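Please go over the structures that come below.
Below, subunit A partners subunit B and then partners subunit C, in two separate complexes.
== the complex of A and B ==
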């Protein structure tokens, strides 16, 4: 067993490392507590409606990117059709609230989880079909399915066609109007993050990661690969459908080309890639950086497509310089530095 | 006594290539069976048929006397048939311990698998024991992708054993591995066999096959042509023909018949 010995480590280095990892854990906990407090207090600190409006969109995209990552980041299946679920959620809220003449107000928020459920239900047959394919075929198939949804939204009778569908307009005062949507968005975000954490720490998540690394091998070790992929896909669609519904209520009026927007998927995928695929914090960071940027560009230059140039450049930069994303790259560098220090401390 | 694993009359063609041609083999409980034959004689295809990766055109596979339904690889593994691959396949971005836990078998619904942590204390303990057994215990936290080729072979053997399969199929366990590690692997297999585990091994290293296996089956052009104790197989002229005279089908067939 000569080649095994090369990687062996002495005990004291192990102890130094354990002490440091406890320190890191404490710092991490403090960081997340501060982060959550900041999220909760944000509309109080920045009550300006322009800012809170950007915050609502940002929380919606933080949720969407987190949910997208829960499937694509952990399974390695890059889905570019989640806008179908976003739109399904949006239309669920708009169509139902209009058809039953729902009173504008807090009651409409009860349709947000329903939007998630309808999107999840739509994801079952889609997943069963699309998940039979892999890699590029899967990507293309999800895009194709998305366009079918967009076409349906334009052409079905109950969706209002190309003139779209209006949602009830609540008579909340302008001052705190956005705050309600912001906090509803935070609840959706909490759900999406909780689902991700659950996946990451469970046996189910381990099976999903095994599928990412070698699906056939995982199957050969008794992993029910189709079921595992499908459950993750549907869970991901649920959270995306929820924020889709919230988005519809926030805008007050939805159109097929905005509810089912191909750029939604590019944005969400870029956010996850930039932050770090398959990490919990990566998609959050990516959305926090990119969504305010996009909103800023739209407000500042009114040319709403200008951000696409920036997105394109960023995508290139990420792939060229940080193919793993910000979080894994920085974490890797920090771990390497700790390692070097521990090494020095021993010497 | 019914053999533990029995393959009867299995054929499989890929386009015009007949990879398996009415192939039959049997593995008895508690033995180390060897499978040899020239490259392209259908050994790996046979493994793929047994483990559910390839569906045969005809013929059956039976396990403990019961036919294995045209099942998925996952289903076959759950029956108690484990395998390793010729080119080792591990989960490179998962840690060595996580690799071990993937194979842990549990009968539970998907929602319980979401709610429960990756492994119980007992399951981790069992995985750690097996890592100790193959000498990889100190790498439990290392990403499996950082292991050397030989260590990956040991890891693959270990994680197949996690589920405690009744029979383990090893596809070239010594291929591309240094001689020290070959002995190490052979020793592990012997030890497991003494404890009652059954093995079916494909291997090109004749020295290893002859010293390790109780019975050796020779495959040639998709069929099992000879089966018996190592000494008998080594002496059988049909085996030499298969390895050396493989180019002329007619001659080999005729020669085999004449001598048989």
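== the complex of A and C ==
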């Protein structure tokens, strides 16, 4: 829409806008560089174990929200069952490392990508079934499949049932214990962001967006809708499975109701939504805001009940005041301001 | 009859009786969907809220559970109207599906958090003279509360039917169900219909919650289990079809109870969701669903 408007506008305004957009691009690059540097240096700046533990959870959720957004944000299919993939990754690491008596240490991290692969493999049949339906039915089907996974984890014998499954406990010193998980989490985050960028800037991503806007028309124009949706779904499950495995190793003990947590589904959706659905930075920002908040509440009040109220109320407030999410709303406001300035400059 | 045969018949009877109550709760959910194109994820926690309200009235005021409904049903109607007014009608048309699910989920979280703060997470149960009694009939045990609950569900569903099919308001609801734009053209105030329907759909959870609380121990976490079952029922019944919700509720509860008897109670929950996945992979519109364009 804005592109069409730009074409119709006089040249001088176009030039002003080109200069400005170059400026914006430079500022954006600098911002991302600073952001990455901050992420890398974080445990050095804040070595306090309480803080780094919150940082590990935050990076895990930044990854999960980014991965969720890579499918749901771009395809418009709201999946509320990604906790199934998170739990699958967690149980993959816990069960395998226990069964082959893996030595605690760095070796266990090698099971993290495997957790992603198993989750991705589980996502293929799930996607084939669920993606035949649309909208509400799809949402409910993903919730139902999630509950099947949770019940299986509770009822099957190899998962340890409701008493859970332990992971090897590494004998790292308390000082840098969390840092190893933090950097492993950053690698997962890099993978998830890379997948999102790959989707965003490719023909594949355009096909996915076409499906979001009008699936029937996209199919009519020759998009292989089932394949495109399935690939995005499986890619999304892969990253979520990886951080699920990391989560299990970090916690040291997992239980069916925490590895397969219905609140996880909502959390990642809220994070992506709060930041801005279908943007790269939105889910990152959402997770950066919400996960430390949750951890803070858990630590501060030793109960997550009050946190539920704050979380829900915050989300409802965002819906009322920024129905598109923080990033698109702020970006829109900035763009409008630039526009006004450019107008003034012309006059 | 063989002992297993008796057990199976008993399970079918139980399933039909409890299915009636689930049908009532699911009817509210499917009514809201039909009129507003919204899935109310908060329906599960609202059932729990209804149960807690009944709990308060019976423990502190000594009010009978069924008499207490005179207070709890209107109270939840008001809750429904407020939620619709505050959030639902503000959703943009384009992203209604996704947004409604997230918004009602957030509403559910707020209610769950408030209930946890207010009541703690210990399980409680509703009590009355009929809760632990049962009638012995033709070799079967029929718990009183199941019978009373079924009767209540039948009465309320009958009332809902009468409102929908015998009143002018019901005609505007059905018109809005079929086609919002056309309904608006012939003078139906679709917004008002939507608000009242959301209120009605939530109000029935007060009754459902009371019976649920009298037959199950519950805590603020019980909402997840409930909503996943209710969603399964309304999807199987075909979204927006009240009759389909009735059929699916009874069918699913019977299947669950029979599986618990012939196989194992721990697998009956899995079967519940597995049936949904199996049915939808063959028939994406659900068992009693209408055309694809409407159900999806």
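Some notes on this structure:
Here is the rule we go by: the second predicted complex is superposed on the first by the 340 of 347 C-alpha atoms of A that agree within 3 Å, B and C clash if a C-alpha of one lies under 4 Å from a C-alpha of the other, contacts with A are read in each partner's own complex, and residues count from 1 in each chain.
Heads up, the rule we're going with is that a contact is a pair of C-beta atoms (placed from the backbone, for glycine too) under 8 Å apart; a residue touches a chain by one contact, two chains touch by 3 or more.
Given the structure is predicted, the values throughout are model-derived calculations rather than measurements.
For the composite obtained by superposing both complexes on subunit A, the positions of subunit B and subunit C are free of clash and fit together. Judged by the touch definition given at the top, the superposed model places A:210 against subunit B, while subunit C stays out of reach. Of note, the Cα-centre angle with subunit A at its vertex and subunit B and subunit C at its ends comes out at 80 degrees, rounded to the nearest 10. Contacts of A:114 after superposition on the shared chain: neither subunit B nor subunit C is touched.
Touch criterion met: A:201 reaches subunit B, while subunit C stays clear of it. Contacts of A:225 after superposition on the shared chain: subunit B is touched, whereas subunit C is not. When both complexes are overlaid on chain A, the residue A:322 reaches neither subunit B nor subunit C. Using the contact criterion defined above for the overlaid structures, shared-chain residue A:24 touches neither subunit B nor subunit C, since it reaches no partner. Annotation: superposed on chain A, subunit B and subunit C show a minimal Cα-Cα gap of 10 Å. By the touch rule above, subunit C contacts subunit A in their complex via residues 33, 39, 87, 90-92, 97-99, 101-103, 105-110, 112-114, 116-117, 121, 220, 224, 228, 231-232, 234-235, 239, 266-267, 269-270, 273-274, 276-277, 280-281, 284-286, 295-296.
Of all residues in subunit A, only 1-4, 7-9, 198-199, 201-207, 209-210, 212-214, 216-225, 227-228, 231 touch subunit B in the complex they form.
By the touch rule above, subunit A contacts subunit C in their complex via residues 76, 78, 80, 129, 132-137, 139-141, 143-145, 147-148, 151-152, 154-155, 262, 266, 269-270, 273, 277, 303, 305-313, 315-316, 319-320, 323.
On the side of subunit B, the complex with subunit A involves touching residues 51, 53, 72-74, 76-78, 83, 85, 89-94, 98, 101-106, 110, 113-119, 135-136, 138-139, 142, 146, 148, 150-151, 159-160, 163, 178, 180-181, 184.
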